[in-house]
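Paired with subunit B in one complex and with subunit C in the other, subunit A is shared by the two complexes that follow.
Moving on, here comes the complex of A and B:
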């Protein structure tokens, strides 16, 4: 009897029938004059035989939810967040701060933690529209991020990582930045944030050093060229270790990076005899570029590499104000050891 | 006396203790216990576990001197019939309160994560007959549920490995950066998650060779502590402390990051499996409450069960919303703290004096 009553009453719960909803996969926000946001959403419709057609809706309003009302007025079925994979913010919104949007994404339990966030250099609407793909824009962008994180220069990033860095007292977040190049979307840079506001970008082809200093790389690549030769490393693995020594006024931070890789491209001669020289050149190159990158971060007074966290966790006398005031002049060294483990199939 | 065929083996005490301790608390305690000790709060869990082990020892000291060996007999012996029965009644209310906390918190999670439109009162109608079925007959049924309540959710422990991909060890370094006082303060908050042990005072006579089961009780408590510390450490390397302040159920956040090709979101499986952790809690507390009333007043066991379930049902429906659940949790925690660490030791002392006096008289 109890069971029947219970089922009867809970039966009236609003159901979400799969044919009567549209799952949003990609969402983009653009700042349109004052206090107005343009929201663009993509919802795939599966045709027969693995064909996907994306429906794109777009509208402007003051808040995300107001936008949803407008967008739902245009959609044939109800728009839901459960499958959301990518969220884009245009540069203007990123400069104003994205914290409120993140709050919205993390409060809704139907949105997963592996959602990717990204900054659109010009307009998120144009970026989403520029994609031509047969597998749906959600899958397209997701795969784009995924393989760049696994094998490319993009460090590990998703909603969880971004939120973690945003809420952290010690470090600042970063996001991938996309723009339209030759009429198609491309990953062009890493957007650096000061708290939740965009401040600067780092071109993606120079982000390899950033990634080496940010995390342990399991399958990356590295290119180096000088007057005599060009060399490209693949299958790069690295271990990163940050050491703080409380000497002098502010103390000293050293990044120890151990790097192993296989040569895949080499324009010089007799590679077997040159290995130690190549290793040394690469070592100096990474150290040089790493230190340049860090001094640039220090100038901007941002800390996406979580240097403060490293200092805090290895120093019991850590004092936040003292660190903040000395951060921009703190001596931070990069110490790299390179080991070439193979040269491919040629002598 | 309880006949031998209704009793359970001493090993079952391990399952009874740990399944009575682990419940909904495991989803959210991480962001509660760090109030004082911050990221060092996992040490507070170890402290709390040790303290509870001491309480278990005290309980066994109390219980093994009495022939009937449960709280009703001890209360009557120590305080006389009237005061003793009154205190037993208070204990019953406390057990009911804990059952309500557990059930209501679980329903709240279902409401927030799975079915926002869920009608609590109607949903509870599904659970109440199940609970009644378990507690109305033999104690062995309850033990069976408790046994499964440890075995089924065991696989969930493996899900702690996946979030480590996003972990950052610097979140919990340097270790022991908080004072002993702060860690002790946090451990008082952590004790809420160990409180289920008090059911031992009721089911003790149902254990075969009860005196020898003490080590299993300690093992059960140890198992709980280890799991809690593992969950807590995983959470603390996954989240930074600022993030934790915002999250109500950090453990569900850990599941949120898990993704399988065939399953978009893991929480749904997690929450469903968690039911096997919730059920032993509620069932054991409700059985203990029923048994106490039955022993004190001699009413028929089944009738008492039905009445108490009615109270549980009403209490769970009334305590609506996040606020209500919070108030329930806080008050259950405070009462439990006083009960375990002040009342039980005092009871041991009074009981000890009483025994001496009685011996001298006779």
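Moving on, here comes the complex of A and C:
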């Protein structure tokens, strides 16, 4: 009893009262030289009438925590990670490998798994500074990622997904990539990684096939254009299934994608008679682009679509070394079935 | 030695009695000559109903001529008259509202006529457990009236009323009611035994019994349900529970009871089962909300800013910007203010009480926020918590809910969510261990009894309530429900 009472009276949780701290919403890391990084943090100050003014602090040091000490020296209140939403790494840093910088994010219990990671094409500092918004940079970037994941071409990505891909023995991670376009930040590409090192990028307007092959889409878009007509599909839903067949030396992998969508824009002839033709055109287009994408990935010897995982899970004779050596020549097919479920009503 | 000796002794006793009584305040003594003897009539002014005395006793005493008291007794229209020779009994009887008549030598004894002054309130509508639909009768202070109200609803010979006297000074009448063949004998015996063991000098109200026979007197939770509705009493008696009625109290006690019963209003049984269940659930949610919302606010604002949704962050930070206190102190001040208002409103007469509500609620609230003493978000939170505690139908339970918030608040402010979790666990353990008349208080949740859920969190239709609650261990579990009706 005495022990309990004395514990109760002597112990107190360290208070982090909401108005006595500064919450970091965005961090950006830039490589300065071989072992120096520049850290830029954004901390919003909430003004009268729900206005948000971002304070941007920036300093350079060798480690993240050393930087934090320097940054705290500049801030009026304690800088805390709890509401961190975005972490940016510039391309140079990403090329060197981001694992060391992800590490501290996963170690801090106050940082959630839904934190977004992204690569800044030029400089994270410039990217953060380029944003002009009234709701705070953290909310700005978060909303940007959120609606692009939900309805756009960006596949599901966050710290948890990235780390699981990084730790996985079979697949490689990817991240969204942003750059400054017309003096404002914009989502421009998907950065492809080999392990934790950036190797290539895929423009975001071409990333729809990547998303179809990576996950089941629930509300996407698809545009198709040839010399006869342009068609745009909305409300695209898809189911993805990867099948491995152990034929020949290395076996054969087939992506089966079932796609359903509604026509929203069409510039050709009477649509009712053309549906089968449109479905066929789209099918061929996706299959071709998908196979091109995969052969590019094979050339780079990276596997963000987790083909190895699919093989491993359905092949008893799977052998890591053998797969590695045959991956770049492996026949991988994309098989798409398209169904147009509606054409909209015209007045 | 001679025939007159006992008469002389009686006369001597009477003179002595008269002498002591003359010193008593309010003693009134009539005497008039009658057949050579003197007739004496005495009573205490404050204990006797003057109307009955003047209407029925005095005319008969004066107009007619009697030879002795027995003859007089025949003409007096009261049944509970007594004849006694013992003069020492008289003072005790007088304070109970008796009037004595002494006829001197003709018949050397006393005729005692009960004429107690019964000042009682009329049966009125229930004020605490008011219901829009359903019966509008409430208990009054007089136990006989109350028992009559119950008997009217349960006119069966099986209704068993055991009467006891409690309190060394007040000698209050306490009645234990149960229905033979339905209520568990053990429950009745436990209640009777505990009431017999009550060792206090005064029992003014049923709350005294409620507190003294409680299983755990150091618990903030009331363990006997009090009600002012005779219809509710009749209903629970038919369920196999027992009811304790105390003279002088307009509240009867129901036992054994459960925690959840405290959140069921009797109006639930007058509404359709779906509506009733929905409102009962709302009440339970309101209670959890009321207990937890302020501690949660304090814990989150002090320790766990990480879990605040981004959309709320601006509002919360903005509202706290001007406030000079830490959230715990701010919440304590505001909770204290609300309790102050409530207490002031309760102690003042109704009309001024309403003004206090307006002054407190609007003027102090707005002014405190504008002066930057409290954040307006906390003001909303605290007001909602107070509102939630008022949805509890039983006043004593709503007091407990208001009290429980304060330790939780402090623990949340000092130790954050961990502290809050431990404190809630502590309260849960306390509730699990609590008993009502030896029966588990936290039933039917623990011990888990699926069949008792029909009238716990929700109230199922009557034709599904064909078994009495198992928690009270009724002697007869099955309820006679007409099965033909449902075909």
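Details
The working rule: the second predicted complex is superposed on the first by the 332 of 347 C-alpha atoms of A that agree within 3 Å, B and C clash if a C-alpha of one lies under 4 Å from a C-alpha of the other, contacts with A are read in each partner's own complex, and residues count from 1 in each chain.
Following the convention adopted for this analysis, a contact is a pair of C-beta atoms (placed from the backbone, for glycine too) under 8 Å apart; a residue touches a chain by one contact, two chains touch by 3 or more.
These numbers were taken from a predicted model, which means no experiment stands behind them.
Legend: residue contacts after superposition of the two complexes on their common chain; A:334 is shown touching neither subunit B nor subunit C.
Contacts of A:3 after superposition: subunit B is touched, whereas subunit C is not reached. Contacts of A:118 after superposition on the shared chain: neither subunit B nor subunit C is touched. By the touch criterion defined above, A:139 lies against subunit C but remains apart from subunit B after alignment on the C-alpha atoms of chain A. In the superposition on chain A, contact is made by A:167 with subunit B only, not with subunit C. Residue contacts after overlaying the shared chain place A:313 against subunit B, while subunit C stays out of touching range.
Measured by the number of subunit A residues touched, the leading partner among subunit B and subunit C is B.
With both structures placed on the common chain, the touch criterion links A:23 to subunit C but leaves subunit B unconnected. Of the two partner chains placed around the shared chain by superposition, subunit C is the only one that A:46 touches, whereas subunit B remains out of contact.
Taken together, the two structures place residues 13-14, 82-83, 112 of subunit A in contact with subunit B in one case and with subunit C in the other. Only residues 301-306, 308, 310, 313-318, 320-321, 323, 326-327, 414-416, 418-419 of subunit C touch subunit A when the two sit together in their complex.
Touching subunit B in their complex are the following residues of subunit A: 2-3, 5-10, 13-14, 82-83, 106, 109, 112-114, 156, 160-161, 163-164, 167-170, 306, 309-310, 312-316.
Here subunit B touches subunit A in the complex through residues 112-113, 115, 117-119, 122-126, 128-129, 166, 168-171, 173-174, 177, 239-240, 242-243, 246, 253, 256-257, 259, 264-265, 267, going by the rule given at the top. For subunit A in complex with subunit C, the touching residues are 11-19, 21, 23, 46, 48, 50, 52, 80, 82-83, 85, 110, 112, 138-139, 142.
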